[in-house]
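The next block holds one structure in the form of structure tokens; read it before the comments.
Chains: A, B, C and D, in written order; residue numbering restarts at 1 for each.
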């Protein structure tokens, strides 16, 4: 190549692209700069390690192929994949094609406008293959654009009941994105039509167009248009939702390097908020939407409000924190944690909570029923029976009531006061000299595990009972009843305990399945995390969840959370029991 | 054809007359005022569903428009004698009627709120009783004595009921729900008016009464304060200053209001001369008593004398109508023996 | 000089009480209006088991605009939510506590602003 | 107008029998100690102006009311002391009691009502009295508070009056009354007009040309309350009650307070000074305080007596602005003279 290919229409693209790159570089640098020192060290350590490689792999699988979205819905997955991966292919193959042609160096706009600068059937290594590959990639992208376009008007085409709502600025960027590829198609087809070149798509279209259209007058404006549309998209990107594309990659790296959401680190939260692509998958997962028709509080809207500096108090509070959205979020945003962080703390720091645990004893196993456990004496009594049968040296720590575990306080945003409660309980537990802490309440369980730093074994009672059964310390007789298991949010999605309860339940009853299990299980509605939902609405949720659970007419709905039990047993006629109760009953029949 | 004289043309008298006529009896319905209806004719709407009282009354009266019923208006029973053939009743128009049985349906007297002097009824113009409030609602005129709209209306439950000091130890049953109903009606007419109910206990005994109470709190923002008002006094602006204990807090409470509605209780009418002549038995609450509260509620100690409605105990309209029909059936059973 | 002073009234003077806090709470959590003071909340209360904390009474005080005791004791709540679960009228008592804390915080902020303005 | 009819209806329910003549006079501890002019004026009006027979017995003692209401003596002791008074009355040949103190009046009534319900108590007390003093008694035929007697003769007094309760322009003075808790709250039927809307003082005001003013705390306690004043720790509560009443009557701008009970007259008068000293709060026109008169002083004024002969110079709140307002021709210099004797003039340190 002797002369650098140039035409003035490449300027809008070049300008937009350069500004975007500059902006992103500054943004990335700023984020890293603001990270706490230990997180900076994590980056240093992780940068040249396998962690970065794993991050690249994840970016390929999630950002390009959108594996997680595929899991939610294949059509929706294909739409996202075709857009992202198709565009990626266009860039990569285009770059290889252009650099092969140019034999090395070429300006960075050259691959983008390659067909304009090389309109004829060029003859270089694999040139005819590149032409067909590029057309194939373009077709892939265009399919995605077509689906996205259709989704705007009829969202169930891609398997979604509801799609996100947009602002005017978002629409401008969205339309520019949609226009990029049709513009490219038209521009390349026009050039191909004029020069009798092009692949199966652009060539054919170009030939057809050449019969009916004055292509010589259209070619130049179309390439201009292509460049301008690209420019608008790049300039609009940082303030639009498409910022998620460059941010999500940062998030994936951060996550792989081990950077976690912490109270003193608002950067990761910002990265997470910007990473939300507003795919809207969370909307249909949310029972507030599907069961109660409340559709302004879902994660996507909540994050959007934060991003737009709108008042989000109501949205922060009106959430069950069941985690159903987070469990399918393709970007893996820690939605509950963000929601919790954004709840306001109305309890002054200087408030000193005046109470303390009344008793202190020594024991190997400490049992903590929790506040909710005291609302369900059957569970409490069953556990005492099981603990007695186990032969373990145990102490029922809150037998006479005690200090709350602190999680409800934390969920309500009152973090300093919550810390005080945790400290009180922590001291009591440590002083007891116990090696095992058993709790009946998954709400307590999660906070004991995540916030107490106890360094002893912390077990939910289903885990504990499973151990007793395995070790033969506990003998049970299988009951002749068909039981369906309800995964409590805090135990299942919240703490990843799916199998132990099922193992225990299978030993004492005939376990049957329900349509919503494990990761997909429904919230009972009793959630303490929702601060504002009226009790009548909670009851409505409970009834619908109960209907799903009892679809196959089981004899028993078994759960592993006092709050779920309490909520569900008022929402239907089927017997609702905690697994501990079933086990205690199975012990009696011996 | 047996002849039954019914004393009192309120809902109990009207409905028992209609039922007796249907059962084939000749009935004289004796009413001292110029119209049938008793207290019901002064009511606006009925709890718990807000049914128009006038509609209910006109249907009752239409039901009683039968050829065997002789309605005697402006006629008071002066005295009654029991003899071998039945009863001879002396009327205020110098006439006498004879009857084979006597049904007393004289209803209740509204407690005179002036007896609770501390509320200043009859002294302060904006202290009114519940029937006066009913009239205000009926005419749609909620204004105070000075023609202005009240900003705050306070209802005081249990005036003349559950009060040993006035000799009424019993609960008048309907006042709680009436206060709730009136408070709601006020809010419907003018949502700007604040309404408070001062109560000792909230006694929502009937179906949908509790729901009405909740609706009053939730939808109409009626505020309920547990504690009986001890006194009302007028201040220099002509507003009423009331004192009570907020017993749920355990502190005295002072408040100003523009109108105080005393939920007057029901008192017995069993002190009538004819009843004394006939020696009809009365209970400790001074209402007529039954020979058996469960099996013969409408029978009195005097053979051939029956009772119906609120002359036996405080009752709402629903129970009064049912009780009137029961009385008719009791009389029928008496003659069918 | 006297050895005594004019004793402060123990009465709730309803019309003198500022209703800003309670109006905010009722606006945010209207279910509070339906409280019938059964005391179920207080009897189940985890905090009331340990310290003097009568949430039913505090809610009644709040509704009369009597804030001093509320301001002192409202932070004793552990927000465990049992009260809300047992409430027969479905009052979201937990949110009442939160909204009360919020309203108190706001009122103290605006008091501070007023003082600064002076 | 309608409102007044309403009150009259209430008063009509509380008519009280008051004897027309031959009274046995029971003195009041507080009245004779702090308001001696009033006591003297009452005896003068009844005995000399109205020409009735009234006997002021030197053997008479306290009724023990102050000690009784401070939980210092039991009811039996009080009943026996009162029984002795009945015996004195019987011995003196009288049947009608004229009691000068609200608390005594309440106690006499209380004891008589107790005996009505529990005759065995009366028997016991008769026994005690006999053992202690060898005296016997008859139950009085009629018991009246001294204000009842003035009320009874209010129209005769009005006929003899040289002044009326009006200002120099003839406008009626605004008068708030204070009845005293022990007058009718214990037994509403024993008070003229009952407990809620007592008429005993209001009737005098009506008859003598003044305008009676109702106000929200009209029925409230003056604050004396025995234990509340007598125990230092409770005294703040005592003054708070007067404060509450004064605050409540303030907007009506009353020209004077007329009190039924000697204790009330004293506390409503003295506490105004205390409140001023404690909180700088003053009442009445120009902050001069609201004069507190006994009904005897009020009667004495309308009958034309010299305010200083009525003992009005002993008040905490200066009555001279009121005298000026009423256009009473009095001698300012005579304020500190009692006959030939010069009274000590109080000075502020």
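Operating definition for what follows: contacts are C-beta pairs under 8 Å (C-beta built on N, C-alpha and C of every residue); 3 or more make two chains touch, one makes a residue touch a chain.
Because the structure is predicted, anything quoted here is derived from the model rather than measured.
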Problem - Interchain contact steps from subunit A to subunit D (minimum; 1 if touching) - result: 2
Exercise for the section: Name, by label, each chain that touches both members of the pair subunit B and subunit D. Expected result: C
Practice task
Out of every possible chain pairing, name the one holding the most C-beta contact pairs.
Solution key: A-C
Problem - Chain closest to the middle [Cα centroid of all protein chains] - result: C
Handout entry: Separation of mean Cα positions, subunit D and subunit C [Å, integer]
Key = 46
Exercise for the section: Mind checking the centre-to-centre distance between subunit B and subunit C? Centres are C-alpha means, answer in whole Å. Expected result: 40
Fill in the blank from the handout: Per the C-alpha centroid definition, the whole-Å distance linking subunit A and subunit B comes out as 66
Problem - Residue list for subunit D, restricted to those that touch at least two other chains - result: none
Completion exercise
Check: subunit C positions touching at least 2 other chains come out as 31
Fill in the blank from the handout: Multi-partner residues in subunit B (2 or more other chains touched) are none
Completion exercise
Chain pairs that touch, by label, are A-C, B-C, B-D, C-D
Exercise for the section: Spell out the residues on subunit D that touch subunit C in their complex, using ranges where they run on. Expected result: 232-233, 235-237, 239-240, 243-244, 274-275, 277-279
Exercise for the section: Please name which positions on subunit B make contact with subunit C in the complex. Expected result: 202, 214, 217-218, 221, 223-224, 226, 243, 246, 248-249, 251-256
Problem - Complex contacts: residues of subunit C adjacent to subunit B - result: 10-15, 30-31, 33-34, 36-37, 56-57, 60-61, 63-64, 66, 89
Fill in the blank from the handout: subunit C residues touching subunit A in their complex are 28-29, 31, 44, 46-47, 49-51, 75-76, 78-82, 84-87, 90-92, 94-95, 98, 101-102, 104-105
Completion exercise
Residue set of subunit C touching subunit D in the complex reads 1-9
